[in-house]
Every structure is written in C-alpha cells, then in structure tokens.
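Two complexes are shown next, each including chain A; its partner changes from chain B in the first to chain C in the second.
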Partner chain A sequence: MKLKHYLTFATAGLALGLSALTAMAADTIKIGVIAPLTGAGAPWGMAAAEAPKILAADINAKGGLTVGGKTYKVEVVAYDDQYKAAEAVAAYNRLVNQDGVKYMIILSSAATMALKQNVEDDEVVAVTAAYTAKAIEPSTKYLFRMYSTPADYVPSFIAWMKDNVKEKRVVVVNPNDETGWDQTQLSEKLFKENGFEVLGHELFERAQKDFQPLLTKIIAMKPDIIELGGTSPATAGLIIRQARELGYDKLFSKTGGAGPAEIVAGAGAKAAEGVINMLYADPANEGYRRIAAAYKASVGQDPNEILVSFYDGANVLLKAIQKAGDPSDTGKVAAAFASVLPMPSVQGDQLSLGGKAISGVDNQIMTVNYIGVIRDGQPVVIGKTK
Partner chain B sequence: MKRLILLAAIVILAVLPWLANNRYVFHIATMIAIMAPLALSMNLMLRIGQLSMAHSAFMGIGAYASALLTMRLGLPPLASLLCGGVLAALTALVLGPVFLRIKGVYFVLLTYAFGQIVNLVFQEWTSLFGGNSGLYGIPKFSLAGYRLTAVSQYYVLALLFTAIAYWMVRAIERSDIGAILQSLNEDEMLSRSIGADALSWRIAVFTFSAAIAGISGGIYAFYIGFLSPQAFGFQLSVDLVVMNVIGGTSAALGPLLGAIVVVPLPELLREAKQYQLLIYGLCLMVFLIFIKQGLVSLIDRPRRKPA
Partner chain C sequence: MIEQMIVNGLLAGFIYIIMALGFTLIFGIMRIVNFAHGEFYMAGAVVVLFLFGALGWNFFLAVVMAGFLAAALGIVIERVLFRPLVGNELPGMIMSLAVGITLQSIALILFGPSEQSIERPFSGTWQLVNAVVPWDRTVVAIAALVILAAFYLFLKYSRLGLAMQAVAQDRETASLMGVESGLIYASAFGIACALARLAGGLMAPIYTIGPYMGELPMLKAFVVVILGGLGSVPGAVLGGLLIGLSESVLSTLFSSTTALIASFTIVLLIVVMRPTGLMGRGAP
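== the complex of A and B ==
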C-alpha cells in the first residue's frame, strides 16, 4: 500500500515537471532573468527581476512592442539562481528549452561565467551585470555588459576628488579577496596620479564585523580620507560607525559598490554625514523616482539603486529587438546594439556602446555614474563620472 | 518483488530524459546523476557512524584538480578525472588517521573546519584556483578523441559513474566488509574484541568515499565548465545529509532515492519563485516527519526480528 502511495507521489511529481513543458507563446517577446532572488544578493536580484517588469508593464500598457510592423507583448520570466553556477545553468536551460526565451538578463559573475559559452552557442542575446573583465572577450557576440565597470568610472571619480576635495592623505580599505585586491591596486595608482598621498592600505575578511583593531592602526597613520573602495555598503556602514566611535572625524569616500541607504543603516545618519559615495542613480531624478515608485508598489520596499541599470539594460535590449525588426533573429538583434546606442537613459543621461579598451570588443553599455554625498541620511548628487 | 519494481521505476526514470528529449530535463537528470554518487559517499560515512562535513571539500578537490590538470598540464580529461579522485582519496588518507580518532560532534566540527579551510584556499589562491571570480574555460570532457558537448552525453557519463558507485557500495553492503562496518557503528568495542581494526576500516571508508566524491566533482567541473568555491561550501555537505535522511541510510538504495527526490525538488518548485525555498523546506519537513526511516523504509521491511 505504501509502495503504491510512493509510486503515486513519484508519478505526480513527474507529471508536475512535465506539465511545465510549454511552447513559446506566439506574439510574446520573453525576457528571462537569472538572478539571486533569495539570500544576501536578493536586493540586487529583485532589482534585476523587477526593472524589466516595470519596463514591460509600461510597454504593454501602450499596446505592446512594435517590431517589424507586428505588435508583441513583453513578458518577463525571472528565476532564482541563489548565486550558484549550477542553479544558473538549470535556470538557463529552463528558460531556453522550456520557456522559449531568446533574450536574457544575468546578474552574477558566477552565472555569467558559467553561461557565457551557452549564450554564444545558443545565440541567446544576454545582458549581464557581471563586473569581471573575463565575461566579455574579443570573440563575444551575444553577451553585453549593462554598465560601466570600476576601471571605467573610478579614474574620473578620483579626478573629481582631486578638484573638489581638499584632503589629500588617504588610506585605502578593501575586502581581502580578488575584487578587493584589484580595487586597491587601481585606486592606489589613481590616487597617486592625482596628487594624493597614499599612506597605506588595509584588507579585511568579508565576514569581519569588529574593525576596531584595524581602525586603530589606520587612525594612527593620521589620514584625512579613508577610502572604502569595494567594501560592501553594509560593512562600510559598520566601519564608519566604529571609526567615528574611535574619534575619527575626517572624510570617508567609497568609489565602488553603491548603497547609501545601507551605509546610513549601518553607520547611522550622523556618522555617515559627509561620506562621498558612487551612485548608480540620482535619487532626485524624475525618471529614477518613477521606476523606484513602481518597484515599491510591486515589492513593498524601496529598491536598491541598481534598479536603474537593469531598467536601462532591458530598454536597450528591447530597442535593439525593435531595430532588428525580427525577434527570432538574435544575430540581427545583437548587431543592432551598435545602431540603437547612443540613446538616453531613464535618468536622461547618454548611454553609449564601448568596452573595447578593456574587453577587445564594444559589447558594453557605457553609463554615467553619479558622485553623491550623504547629507542628513540621504544621498545628494554633487557630481558625475565620465 | 517491491525492490524489483522500484529498480524498474529507477530505470524508467533514467531513460526519461530521452523520452522528454529536452535539454532542461537532461540537465536536471545530469545533476541527479552527479549528486547521487556523492550521496552514496556520504552514506558510507554514516554507516560507520561518522557524519562528515568534509565531503563537499573532497568534491571541490576533485573538481579543481580535474579542471586544472587538464587546463594547465594538458592531461587527457579521463586521466585528470581519475587523478582528481585519487587526490581527494589521498587527502582523506592523510587526514583520516588524525580525524577518525575523534567521534561524534567533534568529528563533525573537525571536518567542517577542514571544509572551510579548503574553501578558503580556493578563494584566496587566485592565481591557481581563480578565487571568487571562479575558474573558467574548463575544456569539455573527451575520451579517445571523442568530445562530449551535449548535455545528454554528460548525463550518460554521470549515469555510468552513478551505476559504478552504486554497484560498489552495494557490493560492500552485501559483503563481510559491510558487516564489519555495521558492527563498528553498532558496537565498536565488541567489533574490536573480535579482531576488527576499527581505525583502519574507518580510514579505508573515509578514503574510498572521498575518491567517489572527488570523481563526482570532476564530472561536475567538466559538465558545468566553470568552478567557484561557493559550489563546494557547507551547504553541499548538508544537502548530502538531507539526501541520505530522506532516502534512508540503511541501504545503498536510500541515498540514490534521496538524490532523485531532493535534487529536482527545487526545480519542480521553481514556478513558486520567491516561495520556492520556503516550500522546499516544508516538503523536506513533511518527508522527515512522516517517513522517518527514509524512502527506502517503504520498500525494505526488517527481514528478521532479533531472537
């Protein structure tokens, strides 16, 4: 009897799996999203999933996307990869083979690196948020990076600091991993080139919460800028709070990893006052406020500012589909990126195509980043990167 | 009879991807076939009463070794795959005499610490392992000039290894060695009093199970084509324990059933999106509450009662 029950269960499970086999709907363009929708990366993943949905809702409300004289509804299918390569491969296979997706947004570097060959082999046009330079190579045709990388915007960020910040004695603090090492090397070089005195650098483990010993050593160097580089915003908030508690009353800057809300949450508004931080979005911009409000209406929380980059990435993708004139010809769509860019971003800045200097091919949407300062717990834009 | 029906059902499940002829189904089946030998390797440890949190690290050692030996030294993939298994086994062989003197929660913590150290080495030694950015560009598996490119081919490779691993664990289970291992778990003092060298047997099991985990890791590396340390973290060891608990630890069939149920479960629940992990957790709780001895207990009845 129990065996019968077991077999019934197994059959039901199989039926459930097979029932998911669906054909691609006729007049619909599907955008797949592979992102961490749960866990620590969820704020970014939810932004990746919701941004194209907000865009699709706007387009569908106007009747749909007209491509080659035919109107298509835009549908977004988002799957959780939990930041794991194997989960990303499963999500990709499901999107391509069952959901009939030919266009995709991929968030993490791990997912992008695991899928980049599949994307090229299957001729799927994908937009990635991966910073890693290895994601895009000279032979890459179908994979595009959706925004500028630190190598693109940190030089102009530090050049802006040279002109606008009077303090010159810097200590660079970063996580003790490859990202942190690269960021340390880059920012030390750029600070020196721009006439700053680099007193030293300190690395910490990402899981670290107590920074008092490290900060005591840093404060003894008498810096007037502590540069937090690629430190995660939440950890940056902790470092700022603990440094203020130790009596450090000078400047903090953070040239990478936007997240002013997390910095304020970790440090408190008073301690975070005056922190200079890279921003993806201008919180006062009308275009950003519109999509941020749509996000909040859907999810019930304020978005991470990276929402704007995913919105622009999806917008460029759909414009390229329109320009190509045939949603089934992904080769034409990939080629159309060069003709739809430059185009305006949702915030009114110019998006352009570039990346050849770093990747050997122009498969990167070059974006404008903002330089913000935290005032009364809120980020205020005071400059732009080039 | 029940066992035959079940084996027939497993065979039907094994050929299901060809019936569906869908790459997504093949991918899930391949992941089951990669995880099943790992679950079997964990089962061997559970049989000697040692809950190992090091098996994710052994899988990682096998995976990175297979990939790097092919990429950096140009070894044929099959040789790299086997070397990956041997390297994982050697690591276990070296550590075993120290680790396996300790039992219970201390062994769990020791193997957990080992797993963390291995993972940190993968993360921090970026020039060799690629760090958190991962190791990419792993060539496809090839054998005698035949290159495996399709997911269905990797499924066959993984399935073949699953069958071999199952056959070996089953053979151990049925042999005198199986009886010795059972005695070590149930009454070690008695077992030693009749001449069993407990530590040596434990080291042998630890080494053998690490070899299985290492080879599974190698197949994973060649299949996914990209490795990052996160894939070989603590969560993987927990997943292997879950597969054993759900499938049942009393027979080799248990972890096999556990892998068949646990690996595709998140995929079946993918439609639930943000509730996927919640429902997954609830499903596991239902299994644990209502089928305490695992799925294999629905088939295997105690053959004889103790006198």
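== the complex of A and C ==
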C-alpha cells in the first residue's frame, strides 16, 4: 500500500516535471544552424553560428522576443556539416526530429541543395547563405536567401573593375563544387561582357594546399588578373602567396567569399597588397564593430565579415516571426517576410525583398556589399555594389 | 614549364617521403596501419606555431623540439595503447583512428577551428634552369633529404636500426636472437611520430595550420606506401617521388582533380596487379 502511494506520488511528480519542461520548451524559439564549424570553411560557419547567438543574447537580455503578446527566449542550436551534403542531412534530421526546430540557417550551397526539398516538405522556414541560383525556384515558399548573390552584385563589381582597373587578361580560379561552378560560369560571362579577355578557368579541391602545379599552368597563360571568386579566404591567402613566390606580380581580385584578414594572414601583407575583394561589411561601420566585438569576446578570434549577413538574416527571420504573431505557424512566418522588409541592416543600409529576376520568386533579402582593396594589410572600402 | 613541373613534383615528393617513412615503419615492425599519423603531422605544425610563431624560438629549434616531443609522446602512446594490439591489424587500425580523432579534438579545443598562419622564416626564390624555386620549400627539401639520409644510416648501421629490421623480417626469430621486441616497438613508434611531426613542423610556415590539416597528407602517405609497398622504406622513397611527380604533371597539364583520381587509380591498379606494392614484401 505504501509502495503504491509512493509510485502514485512519483508518477504525479514526473508528470508535473514533464509538463514544466514542455512549457519551458514552448516558451523558447529555437534557431538551428547547419554550417561548417570545422575545416577551411569554419570562419564562415562560425560566423553563421555566432551571429544569431549574438542577436539572441541581445534579445534575451531585454527579456525575450514578444510574439503575439507572449514572450519567448531565443535559443540557437548549431551543428557542424563539415561543408558536406551528407553531414548536413544528418544535422537537419537531428534539428527537426530531436531538437524540434522550425527555423533554420543553412550555410553552404551543397547543404542547401541537399535540404531544399525537406525544408518545403517539413514547412521549416530556412534562411540560406547559398550562392547557387538553383537553391530557390519559383515554387519555393519556405526557403529564403539571406543576401544578394553574385548574380546580383558581381555585375556591378565587374562593371566597377572595368572602369577602375587597367588590366584585362583574366584567369578565374574557384573550388570544385556547386559554389565554385556557379561562380566560375557567372564571372566568366560578366568579364567577357565587360571587355575582359578570359584566358581560362581552373578548379581545385577544397582540402588542397599545394597550388604550385595549378599556378604554374595559370602563370604560363600570362594573365594580369587572377580572379579567386568563391575560394575560402585562408586558401585564397595561400594561393596569393604561392603565386607571388612563382613570380606572379600582377593583380588578384576576389568577387565572392570575403575575409580580408584571413587573406592577409595566409599571404602576408606584402603579397596581399592591392588585392581587390568583395566585402560584406565596412570595417569602420559602428554597427558592424559592435557585433564583431561580441564575436571576438565569444570565440576569441576576429570574425569573418560575413557575420554581418548572418546577423541581418537572423534579425529578419525573428522580425517575421514577430509579425506573424505565432511561432508555431511557419506558413504565416514565411509570408511575413514580405511585410517586414524593407528594414535597416545592422550597418544602416536598406535590406529589401527581391530575387524574382533570377529565381522567379521574391525569396531573397537584397543587401548592399562593398568593394574593398587591401592596403598595408587592412581592407579599405573603395566602392559599393548595387 | 617542364622544369617547373619537375621541381614542383620533387618538392612535394620529398615531404610525402618523410610522411610515408614513419607510416611504413610502424606497419613494417608492428603490423599496425597508423591512421593517426596525419594528426602527429598536425601536432608538429601546432608545436612550431606555438614555439616559433608565438614564443619567437628559432625555427629549426622549434622543429627539432616538435620532433623530440613527438618521440616522447609516441613512446608513451605505443606502450599504453598500441602494445597490446601488436600484430592485430584491425584492432590496431581502430585504435589509431581513435587516437587521431582525439588529437584532432584536442587541437580544436585548444586552437579553435580557424586555419592559422605563421611568418615564414625563409622567403624569396631562386632560379633552377627555367624553374622558380621558393627558398622555404628548398629548405624543407634539404631538411627532408637530411632526415632521409639519417634514417637510412640509422637503419643500416646502428644496432637499434638493425634490430628493427630483424623484428620487421621475423619477430620470433629476432626474439630468439636476443632482440627485445618491446624496445623495438617503442622506438619504431617514437621515430615514426617524430618523422610525422618533423614533416608537420617543416611545412607549418608554408601552409596554413589547423586541426584538420593532417587529413590530406595522411591520405597521400597512405597512397605512397600502398604504391611503394607497406613496410618498405625504399618503396616509400620511390612511391613519394612517383606520386609527387605524377601529381605535379597531371595538375599542371589537366587539373588537380585529375591528379587526385590518377593517384587512386594507380593505387587500385597496384592493389589488383601487385598487392605487395612496387617494393613491398608479403605478410610474414
């Protein structure tokens, strides 16, 4: 009898505990992150994981996110996909099935291409950093791109080069994957349209570190611009250094995947002098400096500037959840993107909704990028892309 | 361009040889395929990053210290983790994977995921016929040749080296002749770890340094020893040079992806047509 009494008591206690846990979980909005947290892409992946955490910490410090009159804590759950589609699928399943995530940030094109159908089928609202145009189709409803793609900003970048750079013989170098193929195709077309002579293109494996054979071939083509496109910044630094060692003394440009600090660290300030590269952030901007300082306090290293895009992307997502008024209705949240944009970015530029011209649907946050040049080891903003 | 391709190939080949020597030494003596070899390479680079990059030690002193520390760590790891598995290839392989993942994770926790760079102790280039040769790679190639020569002399003329060869050829007979196999295992593992760390330390200023930097060199070492013959030191030298040169030529004429495919195609052909490799011997 006594045992039965204890069992009843314990069961009631367990039920109470579970209902309290459920209530706690219900008061939390979880944002999942699928990104390469290790390997050469880690500076981008760490920015993808840390930006929403910085935003969540700001919101939680003010008491939480108010949605439909109720206050929610914002929690970020990040998993490493090692820049591999298979790992991304495993991370997605874990986020959706185990962690109960309905909102997500996905970094790579490979991961996005592998997950885009799951996102639509499961009605998960996802913000992707994928450059590939194929990520978003006219039928896409739940997947949004967080920034302007090369297809949006590279035309004005290369048009700027046409007006400001006297060199004209280009070789395009990119990683041998979805991102690299798209970037190669796009930049080759635009360079030709702007009167540059494209001598050829070269693709390399992301794990590669010895570029001497590849550069021997490139230098034999006698280019005066080597365009590094979507090459990761650390790898771009290695390529620049090895090319300088082989005697290449002409220009480097990089229309994608910013990261001037890592380029300088890899190449050395002398070798990196004059490299023209796309920047997501103006290093002198106050808003950017604030979140960069928060990143450094958390990770212990300076961030890749893509941090700013992930911060803005997460901010738009949370604003859409607020606007929808119900975090459990992801259909309403997806529809709310159209009403929260335009809104200001953390740097004070205007974010708007667009992308229809390329993808057939307005599921892309249109951002402003900067054109920078490396001088004395530091990026200096010298222009803006449209 | 041909001269440059040969120079590039030889420079890459020398570092593959140093990596492959340690890998093949452990297999030859302990019959263990050490998949943690790439992480010892990474650890060497990390030690140089710390001693040379952060504390400002002399570069060569930092590299030598990386080698000594590796030898000491290798002896401890061999005694505690690998000794019970000597001769058992599958458990030894699994243990080496576990050691590799552990070392990677420790580096990740201590240094973070970002790739780091250090100042190069040597910069500039020199001309060899029509090829441009960077000084930093020249130093690595010279160091690799010195290490290779020292390793050859050690195996050929020292008592310990001769004992190692005896154990590699026939452990039981060597034991009957008074060779203490425990000492040989510990020495072989320590030397192999030291070779990997010397390679990592030498390459640290040339490439970027990160927790996963050992994966590709490990893969290359594996390809080299399969080509040359598992357990064969001359095979590692031949394999290293062949892979270095073929990669250089194919990457220059076609693409790096073609070179990678070719490396593994060579391995497939060797495994099918000559399973012991070009200069390997069969299992005892």
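Assume the second predicted complex is superposed on the first by the 271 of 386 C-alpha atoms of A that agree within 3 Å, B and C clash if a C-alpha of one lies under 4 Å from a C-alpha of the other, contacts with A are read in each partner's own complex, and residues count from 1 in each chain.
Heads up, the rule we're going with is that contacts are C-beta pairs under 8 Å (C-beta built on N, C-alpha and C of every residue); 3 or more make two chains touch, one makes a residue touch a chain.
Only a predicted model underlies this, so the values are computations on that prediction, with no experimental measurement involved.
Student: Who does A:132 touch here: chain B (first), chain C (second), both, or neither?
Tutor: A:132: touches chain B, not chain C.
Student: If you stack the two complexes on chain A, which partner ends up touching A:37: first (chain B), second (chain C), both, or neither?
Tutor: Both: A:37 reaches chain B and chain C.
Student: Name the contact category of A:85: first (chain B only), second (chain C only), both, or neither.
Tutor: first
Student: Based on the superposed arrangement, let me know which partner A:358 touches: chain B (first), chain C (second), both, or neither?
Tutor: A:358 contacts neither chain B nor chain C.
Student: State whether A:165 touches chain B only (first), chain C only (second), both chains, or neither.
Tutor: It touches nothing on chain B or chain C.
Student: Quick one: classify A:262 as touching chain B (first), chain C (second), both or neither.
Tutor: So A:262 only meets chain C here.
Student: Thinking of the overlay built on chain A, is A:109 touched by chain B (first), by chain C (second), by both, or by neither?
Tutor: The answer is first: A:109 touches chain B but not chain C.
Student: Please write out, lowest number first, the residues of chain A touched by both chain B and chain C across the two complexes.
Tutor: In the superposed arrangement, which is not itself an observed complex, chain A uses residues 37-38, 176 for both chain B and chain C.
Student: State the interface residues of chain A toward chain C in the complex, per the touch definition above.
Tutor: 37-40, 42-43, 45-46, 176, 202-205, 207-210, 212-214, 216-217, 220, 234-235, 237-238, 242, 245-247, 262, 265-266, 268, 299-301
Student: Quick check: in the complex, which residue numbers of chain A touch chain B?
Tutor: 2-3, 5-7, 10, 13-14, 16-18, 20-21, 37-38, 78-80, 83-87, 89-91, 93-94, 96-98, 109-110, 113-114, 116-117, 132, 134, 176-179, 181
Student: Quick check on the complex: what are the chain B residues that touch chain A?
Tutor: Result: residues 2, 5-6, 9, 16, 20, 22-28, 31, 123-124, 126, 131-134, 136, 151, 220, 224-228, 230-231, 264, 266-268, 270-271, 273-274, 276-277, 295, 298-299 of chain B touch chain A.
Student: What part of chain C is in contact with chain A in the complex they form?
Tutor: Touch residues, chain C against chain A: 1, 4-5, 8-9, 11-12, 108, 112-117, 119-120, 125, 132, 134, 207-208, 210-213, 215-216, 247-249, 251-253, 255-257, 259-260.
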